[in-house]
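Single-structure report; data block below.
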Amino acid sequence: MTSLSITSPKPAARAARARLDWFQIGLLAVCGLLTTGALIYGGYLLTVFQLAMIYGIFCIGLNFFMGYTGQASFGQNAFACIGGYGSAILCVQYGWEPALALIASMVVAGVAALLIGYPTLRLRGHYLAMATFSLGLITYDISIQWTSLTQGYMGYAGIPPLGIAGFEIESERWKLVALAALLGFAFWISQRMRDSRFGRGLRAISGSENGAAALGIRVPRFKLIAFVIAALYASAAGSLFAHTVGFISPEVFGPQMAIITFTMLYVGGVGTMIGPIVGAIVASVLPEIFRSVGKFQDIAYAVVLLGMLIYAPKGLSSLGKLFRPRKKEEA
Amino acid sequence: MPSVVELVQSLVNGIGIGLIYGLIAIGFCVIYNASGIVNFAQGVFVMLGGMFAHTILTHYGLPIWLSAVLATILVAGVGVLVQIFVINPMWRRNAPLFAIILATLAVQLLIEQVVILTLGDQPRTYPEFTSGGPLKIGPIAVGYQLFWVLGCGAVMVFSLQQFFNRTRMGRALRACAQNREAAALLGVPVERMLIVAFALSSGLGAAAGILITPTQYTAYMVGGPFGINGFIAAIIGGFGSPPAALIGGIFLGVIQSEAIVFFGAGFKNIISLTLLLVVLLLFPNGLFGGLTKRA
Amino acid sequence: MPLLNVCGLTKRFGGLVANNEIDLEVPQGSLFAVIGPNGAGKTTFFSMISGFLGSTSGSIEFDGRDVTRVRQDQIAAMGLVRTFQLVQLFKGMSVIENVEVGCHLATRGGVAASLLRPAWFRKQEIEVRERAHELLDFVGLGSQAEQDAELLPYGQQRLLEVARALASKPKLLLLDEPAAGLNTQETESLARIIQKINAQGTTVLLIEHDVGLVTRIAHRIAVLDFGRKIAEGTPDEIKAHPEVIAAYLGVEEENA
Amino acid sequence: MGSRKGLIIVTLLALMPALPALAQETIKIGSSLGLTGYGSATDGHWRDGLAVAIEAVNKQGGVLGKKLELVTEDNKSTPQQAVVVYRKMMSEDKVVAFDSGCISAGNFAAASFVAKAKLPMFLCSILPRQPEEIKWAFQFLPPPKYEVDTRYQYLKDKTEIRKVGILSDPSPYSMLMRGLAEKGAEEFGIKVVASETYQQDDADFSVQIGRINAAGAEAIIMLGQGNAVVTVANNIRSLGLTRMLMLGSINELDILQAAGKVLGEQYLFPSPLIQIAADDISVITDQKARAAAEPFVKAMKDKYGRTDNAQASRAWDSIMMMAAAMKKANSTEGEAVRTAFEQLGRYDGAGASYEFTAEQHIGITANPYVIAWVKDGKLVLRK
């Protein structure tokens, strides 16, 4: 391993593993508590948190592309759409197993991302943002127009709940448990990818594309892989939505979805490890808190969102840094 | 195969709506060039322009030209407020650009909701600036309002060009566009320039809204679609000069019209967005060049 | 055979000729420097060699292979690794993570490996961390390993970039004005590090503004002015070269 | 500091369940409404109708000795929010029935679990399509055929126009109407010479209108509710088509007036009599219908001033019928109410007359529409 004969004291021989600061651990704990609270309390909070878990999965994928790789995508709802309709069509029309349909849809979404990403990812910044946003809009319009496949605005009803080998998860509580477990699994996978040669390469691209290329990282390829990963997550989220709610229609995967998930990512902290989860939960719970103010709900939500963006522009999970004593700059 | 008359008529209609997209696109460019921010609340200014003009016109009975001027000034004021209370604090905290974009979306939501509560959610429209019409050129009909849009658009583009090239403030804005850090070092008050940029672009958006309301309607939710189309037009135009943005808008309007003729309205957006993608991939800096900015 | 062989390299930007017919041979194991006043075309020259910029004409041969039209990352993979004049640190990553990224070329494994984590991969990850620590110690940043790279003072950011480039075990290390913006003391320690790197067998090609530094450490120096190579030789020859003194050193003394 | 923020969130969340935990003294009716988003124009009126109906019922002593209470939630015109608010009303408010607005997708999304919970849902929108769900859903929207036929009948009886162009949006209700309009024209001796589509938030329809005109149509049959009709009216005027008739869909009063101001007599639309009756109740000549309409019109006027009664009247009717069914069943339990409701028989309401049975969950079985136009800002019958 050493072509350079460098003498140094032996550092602790452990592979790199990202660490959360105490603030982040606290946030994660709060999110866990909230979810547990919802689980115990039951009622419609189950639904709120089910959706939060699904959005969380979506956002973890998005974080790969926007956070770690530093690219912009406003069009991940397109892949959620593929996932949702894939699951709906395969289960309702062809009687597939939900789990199988979910995986098959992910494959389709992944291939689509590969084909779309290859030419599109050459773009940068706002142009990439707009190109991906158009992809989302195009998919949305297709889902409305291609009525023979999607049934247009009528939507798809009667999608079976998630389950394996004939055993269906019917209870809302168990659905939430299953979704929380899946979110945990999705997070675990993302962590494994992040803390590795591959993940470091992605984050290097986000820091400096030139710097990354100069160190031999194949930037376009890494971007494409990150895009596909994000698409796989989005597709899974779309399928999970279909199986959890049992109904989908084009509006579910409309541009609104891109905006909501984007909000979640930035509220939680883009590029941070727990940002997607924190953001998904906070942004799902927030409107419920303001439900009691009736027609002022949206105003309250917008004001709080603006406040968060102004005072925590790097997201909630980065707030901890502000309180950490800054290290001595000079050695 | 559609007839020639139909094609020409749809071309005229496309230009009409395209000019509006163009005016909105200029608003996007003014802010983007001064700050690198894409202001997604731009569509809301269009909506506010129409709403304010309608309110002044019907509630206070002022003449249309005065209503238009007052509405434009009011909306410019709203733009300034947005800059001072939302954009500037984020700017000072070095917020990531996409967080600022998200904030402009939140501003859009906020303004729309306030409009619902104060002005209501019904659609409004008011008569064209010049009654009568349309002008008939053979079998082709051209509404009088189109000439107003064309005229106002030309005047605005021309005066913007003059402003950017001839006045001190305009040149300072352009300096910000080229290099903010350098401009700041040279003593250009960048934050004040941003206020000017927001006032300008919200005023432009308002003008677009005032001009288009007679040919359709305005209501609290028209901002979203206008914003998206204006942004697409800005991208086609390359985020560069006002004329390029205007041409980008016309281009988009015409494409959408012809898409309806050849494929039906359902495919209007699919076609125009696909075209946008092609433009982006072939000309990554927009169809009309524009400033080559770093990502 | 030279490690790097540049032949008639030319770059035009529109009507402007940034590099004009430059020939250069960098022998294996040498510490070679290219100097020239601001705007002489040094960075353009560098960017072409590292594959960052395409050339208008001419050829570049590295390690016996023609790399004139080869992508940046492929050139890097062949062992030609550069640093940047404006440091290109990976923001949002810690100091040690920056160096770990540098190990990219010296390691393997993609998405599948990171998910499955076979034994060899786990071992490799540990080795990467060890090596990153070693390199940080080598450039004197060992104590700041866990800090955010962005927060390092400028001089240390440059050292970090050098450590990062070394992590990929380059055959030829291109350093683009590494001493720019450093104080005397920092320049001194940088000079020692560069010499050490070279002494351990890595060929170094250095672009520098600071003539003092270059004449002290380089084995051989080429001088660019207005996009052309006007002289080449040992430090002593260069110091005595009349054209160089006229074109470059004179200007430098005026500035100083 | 960090824990403070967390604490606030936890506290707020802890407060949430406490809010609806008031005593269950009332019979709660839930309503999922698109108060923001594309359904806002319609669903606001639906809510108003529900509110006055519930006040009226309560004034007369309520149902089974209890007062009715209306719980409304905004579904933002999206299915995902609809699912959340339906569940919220079920678990937090413990509503015994739903009376929801026009957001079809939202009602469809919730239908499966509402049916599973055995709660009847009265809808301003069309019915969901799963048989299990239809069992629990009742549609208060007139079938689309009436709207289409009224227009064709008018053209056939009162005009020489025999060639029409269709302009429709892709919403489920419009799609249904388009199918009927294209197939049913022949029956009235009318030919559909052009069939164009639009999207609700489009800014300009000149192209479609131009094509319809070019195809030789003398009237535009516009299928689709909402603001777009104002743009269409403006476009027709801008194109100088002074002889083109526009037959729009049923719509909100504000929208009808805005479009009517632009096109005057050129703009005709099907309207339930009750909508016209807001200005002049004498248009309702049928005594029974008038008797049903009067208390409603008065209640609306007292509460909101000048109102749009098209949607509100059917919301009113739905509550009245629900109350009747509860009384008949002597229970608020879902299954009982549903069965009682199916056996109510013919009911003459303010907005229409209804006849729900176990097989027939689309209650309006007679055409409630007449053709009207806007004269001096008022709706008047087209004679």
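The chains carry the letters A, B, C and D, assigned in the order they are written, with residues numbered from 1 in each.
Rule of thumb we're sticking to: a residue touches a chain if its C-beta (ideal position, glycine included) is under 8 Å from a C-beta of that chain, and two chains touch if they have at least 3 such contacts.
Computed from a predicted model, the values in this text were never measured in an experiment.
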| item | value |
| --- | --- |
| Contacts common to subunit B and subunit C (chain labels) | A |
| Furthest chain, CA centroid comparison against subunit D | C |
| Centrality ranking, top chain (CA atoms only) | A |
| Interface with the most contact pairs, given as the two chains involved | A-C |
| Distance from subunit D to subunit A - Cα centre to Cα centre, in angstrom | 37 |
| Centroid spacing, where centroids are CA-atom means, of subunit A and subunit B in whole angstrom | 32 |
| Euclidean distance of C-alpha centroids - subunit C vs subunit D, Å | 72 |
| In subunit B, residues with contacts to at least two other chains | 113, 116, 266, 269 |
| Where subunit A touches two or more other chains, by residue | 144-145, 295, 298 |
| Set of subunit D residues in contact with two or more other chains | 36, 170 |
| Touching pairs - complete list by chain label | A-B, A-C, A-D, B-D |
| Touch list for subunit B against partner subunit A, complex | 32, 38, 86, 89-90, 93-96, 98-100, 102-103, 105-107, 109-110, 113-114, 116-117, 228, 231-232, 235, 239, 266-267, 269-270, 273-274, 276-277, 280-281, 284, 293-295 |
| Subunit A contact footprint on subunit D (complex, rising order) | 1-3, 5-6, 9-10, 12-13, 16-17, 19, 35-36, 73-74, 77-80, 83-84, 87-92, 104-105, 108-109, 111-113, 128-130, 133, 170-172, 175 |
| Subunit C residues within the subunit A interface of the complex | 50, 52, 72-74, 76-77, 81-84, 88-93, 96-98, 100-105, 107-111, 113-115, 117, 121-122, 124-131, 133-135, 137-138, 140-144, 147, 151-153, 156, 164-169, 197, 200-201 |
| Subunit B-facing residues of subunit A, complex | 66, 72, 119-120, 122-131, 134-135, 137-138, 141-142, 144-145, 259, 262-263, 266, 270, 295-296, 298-299, 301-303, 305-306, 309-311, 313-314 |
| Subunit D-touching residues of subunit A, taken from the complex the two chains share | 22-23, 26-27, 30, 33-34, 37, 41-48, 51, 144-145, 147, 152-155, 157-158, 241, 245-249, 251-252, 254, 256, 282, 285, 288-289, 291-292, 295, 297-298, 316, 319-320, 323 |
